[in-house]
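Have a look at these structures, which come just after this line.
In what follows, chain A forms one complex with chain B and a second complex with chain C.
For the complex of A and B:
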């Protein structure tokens, strides 16, 4: 067990070092992500001005902006840029062989690499995030109760797990179709609309609203934000956390099954 | 004791046959034709522990497929193989810690980081004792003369230097079996020589079992006493390097240097004239008559220097590959010699 932990630590350390190689590009990319905030604030201000009423589906202008800022935070945990396409590239170029030859687990390795990716991202983005939240503090209703805040933190961790394992599962599809960029585009579109990143899911008309309740996407952005803002409380919140955990578990199993089948197929057809 | 035992190993692939043109591309969306390619057609092979065996064969002969089968990257369509007692395609960690595969320029090193970081990762994933790791790494980087490059990002190394780092990474866990697929491909003559020298030394010292594929005959001549020739997925020859020439070439090359201005005009009566650059001449002479020809030449001419050599290995092997390609058409089979 100690040897295993040491291996994980070494992988994590090396991944961190690798992330820091192209630090300029990385820092710029991270900071650019904050630009849409300004446009979003203007957009929702214009929408509320046009609507005339003070609230849309229970959300005031302040609520919506706070919601948007919180989904940004949730997406910082659940979005996995380049994960599935990276696996597809490795399959196409034969690099994936490494995981067949060496005594190393592909999923575990990718998870550690992604954690390293996120840690570096948070280190770079923490300052700008704090600044934006400080400047926009008037939009927030205030800090939630400690138990709600704990649930919020848990939902962020689970959002990471759902996002990571869902995209790993998608990446494994490249064992069957070498090119998965179109599939990833569809996934990205679904995530964009059904995760609640663009707007609170309450705004969706039925039957879409019911459909998204059965999909995993809302746990990537909407759910953590709604928990923080008190839109989902009490038993509904606990139930939501349980469902989120179930989705994480589902994709943990799915990505393992796909990996084993994928390896089998890869080894059957040659690499 | 055998490190590698292969019985009736087969591997076939289904390959999509795309016809030419846009219309064919469109119809191919709905109906596809596949061809079955038999990359390896039931080979049998035993390799003893500590042997250094070369796999030769034309492109697409099944050499790399065999190495992939033995390292567990792919599973066979039939037959069986045991390497160090393990079935490779079960991919047990216990087996994976006992062998290494180096495939040309497919690198296992982290591109943006110095090689020493990749080595440390190998230490952990192969569970190498830290003291042992330090010793092995130091020995390898000194033998390969790359110690001064350990701290340099891999992307900034030359091809030859990268290959040396690849070899170091592959050998850190002291594998008992090493599969080398074209280890000197793309390297310049000096780098090729260095890698050969290293492999020879390392194999002699550690007595590990090595299977090597290479298109450079110089690699094979320098390193392997046993050669296995694969063509069309079958073993066509298994024996010594010298045996190839004996078996597949019926002639020798006779080089004569005549005393000044004494070159006779009728050299053709001794054999096929390959080249004349006065005062030297090179002749191809049937192996069976070389003794008679030589004594006749020496008796009738003033000779300053003489040498009798086997034809170049490349030439013999090229001829042999051409032979097996023709034979494929007539489906005749060459006898297989086992050592």
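For the complex of A and C:
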């Protein structure tokens, strides 16, 4: 048991070291990622100036900007750049074989690597995030109640789980199709549009508004932000958290099933 | 016997070679075209949703704004087709020392590294943009096609592409100094992000200085705004100066980027050979 913990701890440390090599690039990239928010502020100011009523689907101009800032935070938890494509590459080039031979669990290894990735990211990005949030503090309605804030933190953690295991499941599909880059692109489009990263999902007309409720995407960005802003509260909030947890569980099981089926199918190409 | 290479001939050869290369991987070509088109369609979907909630953004109504988006697509697809892959490759050439070969060839180095590869699949957006124009233009109230539209719109598109090219090659040239510039594409994306909106939205204590910087210092706001306004809006004397300024800005941008590129080349040290 202790040996096992030690193994995982070593893996986590190696991954941390690996990520820290590129810390300069990281910090610069994080700051630049906030530039589009500047144009979003101007764009929505212009939209609200013309809309007249001062509110769009219950969102004021300030709400929308706070919403964008919060979805950026949620995406910092749920987006997994390079995860599925990395697995696809390993399958294609035969590198995945090492997980068949070594006594290391593929999903566990990937999870640790990703946690290390995220921890380094938060350490480097905390500064830029704090700065931008401080500068934009007037757009926020203030700190939410402690229980809402706790729910917000929980939804961020679950957003990480949903994002990670959903993309792992997608990566496992590469056991069946060697080239999955177009599939991944479609996935990226869907997450961008239906996660609420582009706009608050309330803006969608029916039937789309109902359809997104049945998809896992909205838990990647929209849901945490809406909880923080008090757009979803009370029982609806608890129900949402439960559904989010179910999606996480669903993909945890799905990626395992796909992995085992995939390993059975797999024939190692390459050396 | 002429000592000058035929630039047009060389460019056409590049274009043909690139097309042959693209056609070798046809499935990939089709997928790339579809991806870039679907990205823009999603963007269009977003603005369709926005226009369900509002009648206009600043003084752009729905169909006028569609013309604006189509113009953005045209300019960006041209930049991506002709310049983007080359600018990205420049930093790779610097890192691997491959730039040596470009320097040795008896042809202008900037020409060679800027136009070597043509990414034909990016023209998919160009076609969609033309369709979007054909859809949106007749739906603008009181719009009629005039000879000025036909003459000046393509001209201003070219000017816009040249301005963006200048910014891009300047950014790419910095990779000669820095040795490597991986975030070039990111930086490029975030910078041109400002040019995708009507310049009137940059208003107020922060907006006005921002608009002036991106009009007069790095004139990326001119790129889309001038051709789009020319096509979608009635001509007004107010914007005549902007139309004239676009010419000056393009010439200055090209001159500055040429200068920066040459300066950067002087400090190039071959990485290997």
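The definition used in the following text is that the second predicted complex is superposed on the first by the 266 of 271 C-alpha atoms of A that agree within 3 Å, B and C clash if a C-alpha of one lies under 4 Å from a C-alpha of the other, contacts with A are read in each partner's own complex, and residues count from 1 in each chain.
The definition used in the following text is that a residue touches a chain if its C-beta (ideal position, glycine included) is under 8 Å from a C-beta of that chain, and two chains touch if they have at least 3 such contacts.
Worth saying up front: this structure is predicted, and the values here are computed from it rather than measured.
Placing chain B and chain C on a common chain A by superposition gives a fit, with no clash between them. The three-chain arrangement built by superposing both structures on chain A places chain B and chain C 90° apart around the Cα centre of chain A, to the nearest 10.
Once chain A of one complex is fitted onto chain A of the other, the partner contacts of A:50 are limited to chain C, with no touch recorded for chain B.
Of the two partner chains placed around the shared chain by superposition, chain C is the only one that A:39 touches, whereas chain B remains out of contact. In the superposition on chain A, contact of A:104 is made with chain B only, not with chain C. Once the two complexes are overlaid on the shared chain, A:21 sits against chain B while remaining clear of chain C. Look at A:213: by the touch rule set out above, it reaches neither chain B nor chain C. Across the superposed structures, the minimum distance from chain B to chain C, using CA atoms, reads 9 Å. In the superposition on the C-alpha atoms of chain A, no part of chain A is touched by chain B in one complex and by chain C in the other.
On the chain B side of its complex with chain A, the touching residues are 11, 13-14, 39, 65, 68, 71-75, 89, 91, 93, 96-97, 100-101, 103, 106, 108, 110, 112-113, 117-118, 120-121, 123-127, 153. Interface residues of chain A, counted against chain B in their complex, comprise 3, 6-7, 10-11, 14, 17-18, 21-22, 94-95, 97-98, 100-104, 264, 266-271. Chain contact summary for the complex, chain A toward chain C: residues 25, 28-29, 32-33, 35-36, 38-39, 42-43, 45-51, 56-57, 181-182, 185, 189, 192-193, 198-199, 203-205. Of all the residues in chain C, the ones that touch chain A in their complex are 31, 34-35, 38-39, 42, 45-46, 49-50, 52-58, 182-183, 186-187, 190-191, 193-194, 196-198, 200-204, 207, 210.
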